[in-house]
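There are structures below to look over.
You will see chain A twice below: alongside chain B first, and alongside chain C after that.
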Partner chain A sequence: MFRLVAGRMLSSIGTLLFVGLALFLLTRSGPGSPARIVLGADATQQQIAQFEESHGLDRPVLVQYGSWLADVVLRGDFGKSFVTGRDVAVEISASLPVTLSIVLLAFLIALVFGLAIGIAAALNPGGVFDRLARLGAVVGLSIPAFWLGIILIRFIAVDLRLLPPGGYAPLSAGLMVHVQTILMPAVSLAVYYIAVLARMTQASLQEALRGDYVRTARAMGLPSWKVVAYALVNALPPVINLAALSFGYMFGWALIIEQVFNVPGLSRALLNAISQRDFLLLQGIVFLFTVIFVLANLIADLVNRTLDPRQRSTA
Partner chain B sequence: MSTVGTSPSATSSPLLAIEGLRVGFRAAGGGVIEAVRGVDFTVAPGEAVGIVGESGSGKSLSMLAVMRLLGSTAGITGGRITFDGRDLTALGEAEMRRLRGRDLAMVFQDPQSSLNPALTIGRQIADVVRAHRGVGQTEARRVAAEALERVGIRDAGRRLDAYPHEFSGGMRQRALIAMAIACRPRLLIADEPTTALDVTVQAQIVDLIADLRRDLGLAVVFISHNLQLVAEIVDRVVVMYGGKVVEDGPVETIERAARHPYTRLLRSCVPRLDGPVGPLATIEGTPPRLGRMPAGCPFEPRCPCREALCATEMPPLVAAEAHRLACWRPQ
Partner chain C sequence: MNHWSQALRAVDWTGWLGAAFVVLMLGSAVFAPFIAPFDPIEVRLEDRLAAPDAVHWLGTDQAGRDVFSRVIYGARASLTVGIGAVVIGALIGVSAGLFAAYKGGLGDQLVMRIIDGIAAIPLLVWAIAIVGILGVGPVQIGPVALPNEAKIVLLVGVLFSPVFGRVTYAVAQRVVRADFVKARLLQGARHRDIVLGDILPNCLSPIIVQATLLVAIGIVIEASVSFVGLGVQPPSPSWGTMLSDARSAIYSGEWWLPVFPGLAISLTVVGFNLLGDAVRDLFDPRSEARTLVA
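And then the complex of A and B:
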């Protein structure tokens, strides 16, 4: 187990190094200097050169990358925002909880409904749930999340006045108020992944239910819920892998959803960073997404390993 | 069928009696394709019966029908299956579930895939025990260890925590048999339990089943395409072809004085060490296809002794003492 985690950590570090480098090259290759945006159109050539020098922007890209990396690794310091002058970590920690709340709720919804619909469909091939899952998959996969968000605002918030149409209340304002503000964004985000996870669960469980060991379990008179549990243990690994990927992708889609619902999450910080060429903040946010993605997949691997004894002993 | 020969063992009240069993698949066009076409035989308490035939003869399907494990595509289309005085075809799924594993159990061909790869051997045996007896985890585990020991796995208590992939093919088949006998059923159905195993291991499994039968008083139905293998442990052999019983008799009769041309050919197909060296004997032609069963004897197209009547009319299964035969031209 330890060797597995250590090995995965090493390859994850490789991924992160590469992503960091790619980020540097991409941000620095775009037009427009941060200095011009921070100092304004009236700034002299000299002022700009001075800004670039003091922020290290005049150095070669690889050197900039090296010193950024050293700061991150040795001191956990992601640098300061060019625009506000505050620590990137502080800037991110202001908006991260908003995005995290929405994504976590969306993930929970997707997991619960995706698994439930998938299992129900697999157990009744040709039945109501099977047909519902097939139809739902097509619908769920085809509806863009932002469009669903707009529709929800129109009907649930404006017409029915059940939930606020946008904005955000932190958890400290009370659980109910908090959930009311993130429920519609989370549902808009979750629908696509409910469809994806339900289809995968259905396919994987149907396959497992055809297994010889399922027939053995029936021939030995195990109760049917136990027979399903037997199959499910073997059907879950691909679903867990897909769930981990989905969790990572959700952070990407959350950026768009946050715009629709006017929520002050990471999307606002990221879009500002892009338009203001706030390289260090931009890098910090994208780097955070990468870390979340890598961690989610690592966790999925560990869960799968506990489910499958064959993987455990060969690790 | 015009005449139904009563099975030899029907004199004492049988443990399992199959009468006129028919099993069909639902065809794409809405019709039913019958694969088992009126099968009768009985198994007495403690008796070992071999069912022999080629793939598609309906031998496995008949026994899956007894277990009521035919799945969603096939079903029992006629006949009765009486086990210990109860008609299994009339039982509800819940009652049937209670019988499976407790009174009658079945082990299958491929031990590789017949155990759940994600659970320990001990857990899988204990689950069977707990499904039928209201006992706790510890007691179920004790019974599981006992069953595992009984099937000849050394150091059974410790091996309970092993996973299927840590067992060899032969040990897995032993573990499956342990699951089947853990609750002391009265009938064990073994569907080609040795086909996927090495020849040396095959003999061990056959011996094991013979031992269990003697020690536990189990009745055994041993399905195989290998007449010689089956002959080592059974009292009686039922030969099936084209979804019908074509010959049924004591093992000595079938081995030495079989009268159906198919049984005789089947016997000659097993190579012998002391026999002449040369190409392996085969039966010319292929078994009839499902849904294309001939009107007469299903073996007629391949039969070396056929005559005109064989193609048009199915010979009845006629009983004479301990022997039953369906053939117009017995040898």
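And then the complex of A and C:
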């Protein structure tokens, strides 16, 4: 077990190191110097050289990467934004809560509805729920989240005037107002994952209910809900695995969804950083997304290997 | 032959429906110039924002372009990116999986850890960052100028490769230990012939299933990246950019602008998903529900 965890951690760290390097090579090779963009078109050669020197941009890429990495690992310091001069961590912490609250609400919705629909469908094979779940899975898997967002804005916000069509209110503005602004983005994001999780829950629980121990438990006269509870415990590992992966993927799609609802989250910060060639901010954001995704993958993998005895031996 | 006709009879109507959608979209992409009644790019301001009628079946957009023609041409970008990325991902992933399973030992470990690493890279963020940094201009390879989508095809392909690497590896590892492979080795068969002639054919069915399902994901990714302005560049028609343009119509009420490009994406994705499920049932009826997620 320890060897497995250590091995997967090493692989994850390797990914992060490689990703960090790739980010450096990529940003430094792209067209457009940040100095030109920050200082404006009429900056002199000297001013540009000075800017590049003070930000270390004149050094070889590998040296820049090394010192960035050392700062990140040793001091948790991601550097300063070229444009605003503020710490990258401060810049990110301004927009991260927006993205995080949308993703968390979406994850919660996906988990609750995905599990509920999956269980209901598995308990009534061939019944109404089963058919609805199958149809819903096909539909849910095929509607792009950003299209759903546009349609929701049209009907819920413009026609019915139930929710604001976009924008964002922080939690400090009141829970109701906050949830009103993130509800539609979260639902658009969640629908695909409701379908994914419901499908997995249904398949896994149906398989578990066919187990010999379920028949034995039934024969021994255990109450039906207890039998289902036992089967559910055995059916959960692949669902948890998928949920962890989904959580990581949701951040990526949240970038697109935030554009639809005009929300000032990481998506706007990232696109601004790209257009202003604000390399350190850009690196910080992409690195953050990658860390979240790597962690989600790691958790999914470990859940799979530890909760599911069939997978343990293949470690 | 009898075997196949028997198997095909087992495919239920959802599978055929999926196949029909896929054929419809492939047909639109290939024969777009013959199907589309109007030029998808030419601006005709006198026709702008016309509701669907007998002339413009799906209405016209802000620049007076026929939505139906643009949806038909948009299939080209979607399918090129979806299928192109899957082909690249399959080439990389399948070779890696075969190599790791056949070689074993340190090479196996190394390749599979690299696959784990690639699988842990978040696709959309990287697609946005890379295209954002490199710019949306064409890719110049020697005398050939590929459109911006080439970057997306390549990146999505690389990031799809772990899926193929893992399914190939899982099957190939079992096959490598099979007696017939040992027998082939004793016969003095060349390694290349064993890998490509004996091991690969056994891995094909899960590869085809994953490929079909991944095309659907690739199509949504193309649409999403184009939607934020980093994919297909205007005025070229793409379902993602059409939806992006349609955002201004949300308030003014031209419902056909956001509805039809979105329907085109959904029908194509439904098609590939249903087809993928049917192919899986055909090849391996006992396998569990797919765990592919994006």
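To be clear about the criterion, the second predicted complex is superposed on the first by the 283 of 315 C-alpha atoms of A that agree within 3 Å, B and C clash if a C-alpha of one lies under 4 Å from a C-alpha of the other, contacts with A are read in each partner's own complex, and residues count from 1 in each chain.
Keep this in mind: a contact is a pair of C-beta atoms (placed from the backbone, for glycine too) under 8 Å apart; a residue touches a chain by one contact, two chains touch by 3 or more.
Owing to the predicted nature of the structure, the values given are computational and were not obtained by experimental measurement.
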Partner chain(s) touched by A:307 [first = chain B, second = chain C, both, neither]: first
First (chain B), second (chain C), both or neither touched by A:290: second
First (chain B), second (chain C), both or neither touched by A:246: second
First, second, both or neither for A:234, with chain B first and chain C second: first
Contacts of A:67 with chain B and chain C, given as first, second, both or neither: neither
Partner chain(s) touched by A:93 [first = chain B, second = chain C, both, neither]: neither
Touched partner set for A:219, first chain B, second chain C, both or neither: first
First (chain B), second (chain C), both or neither touched by A:165: second
Per-residue touch tally on chain A - higher for chain B or for chain C: C
Common interface positions of chain A, toward chain B and toward chain C: none
Parts of chain B lying in touch with chain A, wherever the complex brings them together: 67, 69, 72, 97-102, 105-108, 110, 113-120, 127-128, 131-132, 163, 165-166, 176, 179-180
Sites on chain A touched by chain C in the complex: 8, 11-12, 14-15, 18-19, 23, 26-27, 30-31, 138-139, 141-144, 146-147, 150-151, 153-154, 158, 165, 193, 196, 199-200, 202-204, 207, 238, 241-242, 245-246, 248-249, 251-253, 255-256, 259-260, 270-271, 274-275, 282, 286, 289-290, 292-294, 297-298
Chain A residues within the chain B interface of the complex: 125, 211-213, 215-224, 226, 230, 233-234, 307-310, 313
Chain C - residues contacting chain A, complex: 14, 113, 116-126, 128-130, 132-135, 216, 220, 223-224, 227-228, 243, 246-247, 250-251, 255, 258-259, 262, 265-267, 269-270, 273-274, 288-289, 291, 293-294
